[in-house]
Amino acid sequence: MAFWISQSLNALALGGLLFMLASGFSLIFGLMRVANLAHGALFMLGAYLGLAVVKAGFGFWVAAASAAVAVGLFGGVLERTLLRRLAGRTLPQVLLTLGLAFIIADACLMLWGGDPMRLPPPPELSGAVRIGDAVFPRYRLFVIGASAAVALGLWLLVERTRAGAMIRAAVDDVGMARAIGVSASTLFTAVFCLGTALAGLGGVIGGPILSVYPTLDQDMLPLALLVVILGGAGSLIGAFVGAYAIGFIYTFGQVLVPDLAYVILFLPMIAVLSVAPQGLFGRRLG
Amino acid sequence: MAEPALHIAGLSKQFGGLPAVSDVSLAIMPGERHLLLGPNGAGKTTLFNLICGDLAPTLGSIRLFGAELVGLPPRKRTAFGLARTYQILTLFPHETICRNVMLALNGLKAGKWGTWRAFEANRALRAEAMAILDRVRLADLADRPVSQTAYGDRRRLEIAMALALSPRVLLLDEPLAGLSRDERVTVQDLLANLPPDVTVVLIEHDMDVALAFAERITLLHHGRVVATGSRAEIAADPRTREVYLGA
Amino acid sequence: MPRMTTRAAACSWLAATALSALAAWPVAAQQPPIKVGFMTVRSGALAAGGKQMEQGMEYCLAERGGMMGGRKVELITVDTAGQPATTKTRAQELVERERVNAIIGPLAAFEALAIDDYIRQVGVPVISPSAAAEDLTQRKVNPWFVRAVGTSAQANHALGEYAAKDLKLKRVATIGDDFAFGHEATAGFQRAFEDNGGQVVQKLWPPLNVADYGSYISQIRTDVDAVYAAFAGGNGLRFLQQYAEYGAPVKVIAQMTTVDEGILKSMGKEAVGVISSGWYTATQDVPGNKEFAAGIRAKYGADPGYYTAGAYEACAFLDAAVKAIDGKVEDKQALMKALRAVKLEKGPFGEVTLDEYGNPIMTVTIRKTEEKDGRLQNVVIKTYPKVTQFWTYDPKAFLADPVYSRDYPPAKNLGK
Amino acid sequence: MSPRILPFIMVLAAMAMVPLVSTSPFYVNLTSQVAIAAIGALGLNVLVGHAGLNSLGFAVFPGLTAYLVAWLSTVGGFDPVPAALLAIGGTLAASMLFALVALRTTGLGFVMITMALCQIVWGAAYRWTSVTGGDNGLSGVPRPGGAVLPLERPEWFLWLCLCVLALALLQLGRFFDSPLGVALRGTRDQPRRMSAVGYDVWRIRFVAWMLAAGWGAAAGLLYAWYHQFVSPHMMAVTASAEVLLMVVAGGAGTLAGPLIGAALVVLLKNLASIWIDRWMMLLGVTFVVIVLLMPDGIVPGLGRLTAWLRRFRPAPAPALVPRERTDG
């Protein structure tokens, strides 16, 4: 019993982290049709920035907020200055975002060195709690809650606000949205900021679990892509379901069939894509 | 009575529970000029997509000269003598006009699997394509890339692509959409000069052209057949007014 | 367009040709510098270890005034990026373009194996400052290769015996990186531990790039006396940190890189109390280490660890060999012979000799991680002198067995 | 001699002459690496440039072949040539199975499913230690040849690579102009129309997939013979991404693009690193600059540049540089 409880909580915590990473990716992809392959690098940049803020003597919460804002602004600048020129051109976007990922990763290595570093959780969240027979870290419970809060916030933003209505309209049909007075230009930048800010926030939130090290981006990007593909690109609910599905498959798969640890994520994905090429909640793309 | 060229029976298509086409039955005789009429969203293009195999019907059967089409992929239906044009231009923008037609011509030929000899070097194919382009008055633009042609030329190319298949049944989806007055006349001539044994099903909103061309008309509304009959019958039918004015 | 490439290619090729011709020109009249190729890692996951290797190397050369055997040393440093294919190309660059007299490197075992055949073919002396793959000095001995560090399992045999005899542990679970280094280290521990009466009852292998150890930590059995951890690079930090979050139910004993000084500086309280074994720790009391550790600390502000000491030692090996042949490194047969006969009286590893396979016989220590002088240190609690890669086993019988791996020696007590 | 193939012959000839001018086998070996990378990139270009199927798992083809030939010729005890034939055959057979899964999707789904397939093979290579050697890989792969064809010598091996590269250029150059090549681009631009005029879109894509697999396998074979070892790293996502970058940077859909892209990446990685420490950064900056100046890649970009420059001349000069295909 303790086994199932603690592994389920592990799965929820991992799923929550993945949601923070993948929801931004999915929002950006849904609205702008840009597969932002620098998303993992931005996640890592967020973690490093958060760490720098913590080391400068500010608390964890300040670090999380400032990393989110800084990475979001950085994302906005990238969108305005670079990505904008390549609207609708998949291959150049791939080349550009991968190039940016290289640059960001190498810059982090230059600035912070190669040593893996610890990002300590805030003191009020360190230590473990007992749940039944299982012992579970308090910080991971926080991650579960925080990611659920982010998910709820995003859902409210998209479904219940005017800005969200604009996003939904533009996801369905950019031309139509323009016709009814949505400024696509502003909207694109805003969503790109939001998506990258989520990545930056995710980096700091994930830091105490994953720690901060040079190839964090390469370890996380494939997971984000898997979530988005499984759930369906461009769908918030898809990212949500996909993230937790991956969290559970990854956690339980590695435990129950360790021989398949390396392929456990890819087998279900192939099965899903063979049946539903657009993913579970994806819409057919042009 | 002769066998219909195109015989549709009890055809239905639902999209996630919403009916797009409901229980449509039609019999179109060889050589007939048949017009599908109906307001936007009546299910006309969906019906074309069902006939050509881009969509699979929920229920019903489609026969072409007696052969059942349901379950066959589009390319096999083409081999039975079915061809269509698209309301939204569906051309190869990077190729020249002539190569567009050559590509369409090659679709039913074994030579399409060739991987060594240049496509361009197939003179017989090119001659065939030029003959078709002559029919649609595009021969002088043959070597211009599609991306550098006018909209009206593309509309005619769209028809040429279908003609390249030497169809027995030809489905035309708004062939006049977006054309200028002069261009319309050209296309109208072209339609009038189609071989009489080719069965033509037309979707068109320009009533003058459509009524001049079609012998029989089917009125669709909300995915259902409201009425089928001759030009005069449909014009006189009160339901026609109802669909167009009352709804 | 292709015309452009031709021209560009021709230009760069000609320039390169001219450059290498110039480089081959004797600069000093009689004694050109000894050219030493140094393969490190500056990008990717292993960059931290690469940087420490560079510090050890730099310190060693500075200590010798940039001279070996009376000749100046020209160090050519290349970045392998931790990729086997890149490592091979860099080795070719060093041998074919720079025409080095010897190579120190590379960092990872899979990199060393990637150039194994190549260095046999071209015959260039290679000293490994870090790569610990067992077979490089066991079943696939390479005549052009010596190792300045131990094999993956070398220090873990000692830990196995210590755990059973001194710590009196009966049942141990193991967790280690799922790659050859982790497999070999764990196998060595398991063999010695079980030969001394212990039982390994659980073996876990998280993939090298696993995002989260949580699901593995939850699996570690709580009815064991200790968990043995074998992690490399930053994984030791991640594992111990997450393990502590789960309340650290059983105590940890560890293979040396898990709590190496290179990452110990990034760790917190979670590392305190971990017992590990290794052939190097900054605190060990062997001839020459006190000066070395203090010197590194003064120069780089951090305790030396596995990679720093390994690179230093490799450099010291080369220095000793060059001295033995009076600087005549052009005779590579002689240089190789001298390398295989190296005997060091002092240094970070203390007294070191090589066995007939080119692997060091050296002191192995058992240590406990404690907080001392405001930082984490590995404090030596027991010393095993003159440990070979074969431990107490007969080399012939040892080599007749398969190489250590995930499944060898078989764990007979799993699930007990 | 057609003016279109002249530049290719010149480039190949220049590459073949490297051993004659270079004082060090290093540059000869580097040229071999460019040739091998170019063969792989040409294979991927069939999918990316002509079929419109962007793959992030191309490394599975060279990877499978390299592992098969390495295992067959070391553990399996086969001679290098029969081992090579079996390895290529095995790769093609496996590719057919992969096609059944991968070709069900297009777009982003295809990107991911190819990545997944490659990761599965990577995982098998990494985990199945008893056969594949795990992360240590398999070493000691013998090159074929003997007294007549001393392939263990760098220059002879380079010439072998260049022969294969020439073959790839010839076969693919013909293919892209052939009826099937035109039809393949048709399935990229208007799959629906292609189906409506009688083409079997799936089978056309299947042929493209197998062509890519075949040239990928050839590259993998040469890779294994060149390095004489294989390891799972060659099937990592970054390895697939690298080939994709070669194709896109050079110009997807062009014949010269993959060649230029391969040369760019291999030389940046291996030559620039001699002078610059932060070559990863340099690689990233190079990609960003290329994409900003020439979004379609180097070859189409330069084609456009020369066309632009020519406008300033009073009379058109004789066409030394043939117009490149820019239909990517």
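Structure notes:
Labels for the chains are A, B, C and D, by order of writing; each one numbers its residues from 1.
What we mean here is this: a contact is a pair of C-beta atoms (placed from the backbone, for glycine too) under 8 Å apart; a residue touches a chain by one contact, two chains touch by 3 or more.
To keep track of the chains, here are their UniProt names: A, D = Branched-chain amino acid ABC transporter permease; B = ABC transporter ATP-binding protein.
Everything numeric here is computed off the predicted structure, so don't read it as measured data.
Common neighbours of chain A and chain D (chains touching each): C. Across the assembly, the mean Cα position most removed from that of chain A is the one of B. Remark: chain B and chain D have CA centroids separated by 42 Å (rounded to whole angstrom).
Between the Cα centres of chain A and chain B there is a gap of 47 Å.
Between the CA-based centres of chain A and chain C the separation comes to 36 Å, rounded to the whole angstrom.
The distance from the centre of chain B to the centre of chain C, each centre being the mean of the chain's C-alpha atoms, comes to 73 Å. Residues of chain C in contact with at least two other chains: 43, 178. Shown for chain D are the residues that touch two or more other chains, namely 126-127, 278, 280. Residue positions of chain B with contacts to 2 or more other chains are absent. Looking at which chains touch one another, you get A-C, A-D, B-D, C-D. The residues of chain D lying in touch with chain A in their complex are 48, 54, 101, 104-109, 111-113, 115-117, 119-120, 122-124, 126-127, 237-238, 241, 244-245, 248-249, 252, 278, 280-281, 283-288, 290-292, 295-296.
For chain B in complex with chain D, the residues that touch the partner chain are 52-54, 73-75, 78-79, 83-84, 86, 90-95, 99, 103-104, 106-108, 111-120, 122, 161, 164-165. For chain D in complex with chain C, the touching residues are 7-8, 10-11, 14-15, 18, 21-27, 29-30, 33, 126-127, 129-130, 134-137, 139-140, 223, 227-229, 231, 233-234, 256, 259-260, 263, 267, 269-271, 273-274, 277-280, 298-299, 302-303, 320-321, 324.
The part of chain A that touches chain C in the complex is made up of residues 3, 6-7, 10-11, 13-14, 106, 109, 113-118, 120-121, 126-128, 134-137, 139-140, 208-211, 213-215, 218-220, 223, 250-252, 254-255, 258, 261-262. Within the complex formed with chain A, the residues of chain C that make contact are 43-51, 178, 204-207, 209-212, 214-216, 218-219, 233-234, 237-238, 241-242, 245-247, 249, 262-263, 265-268.
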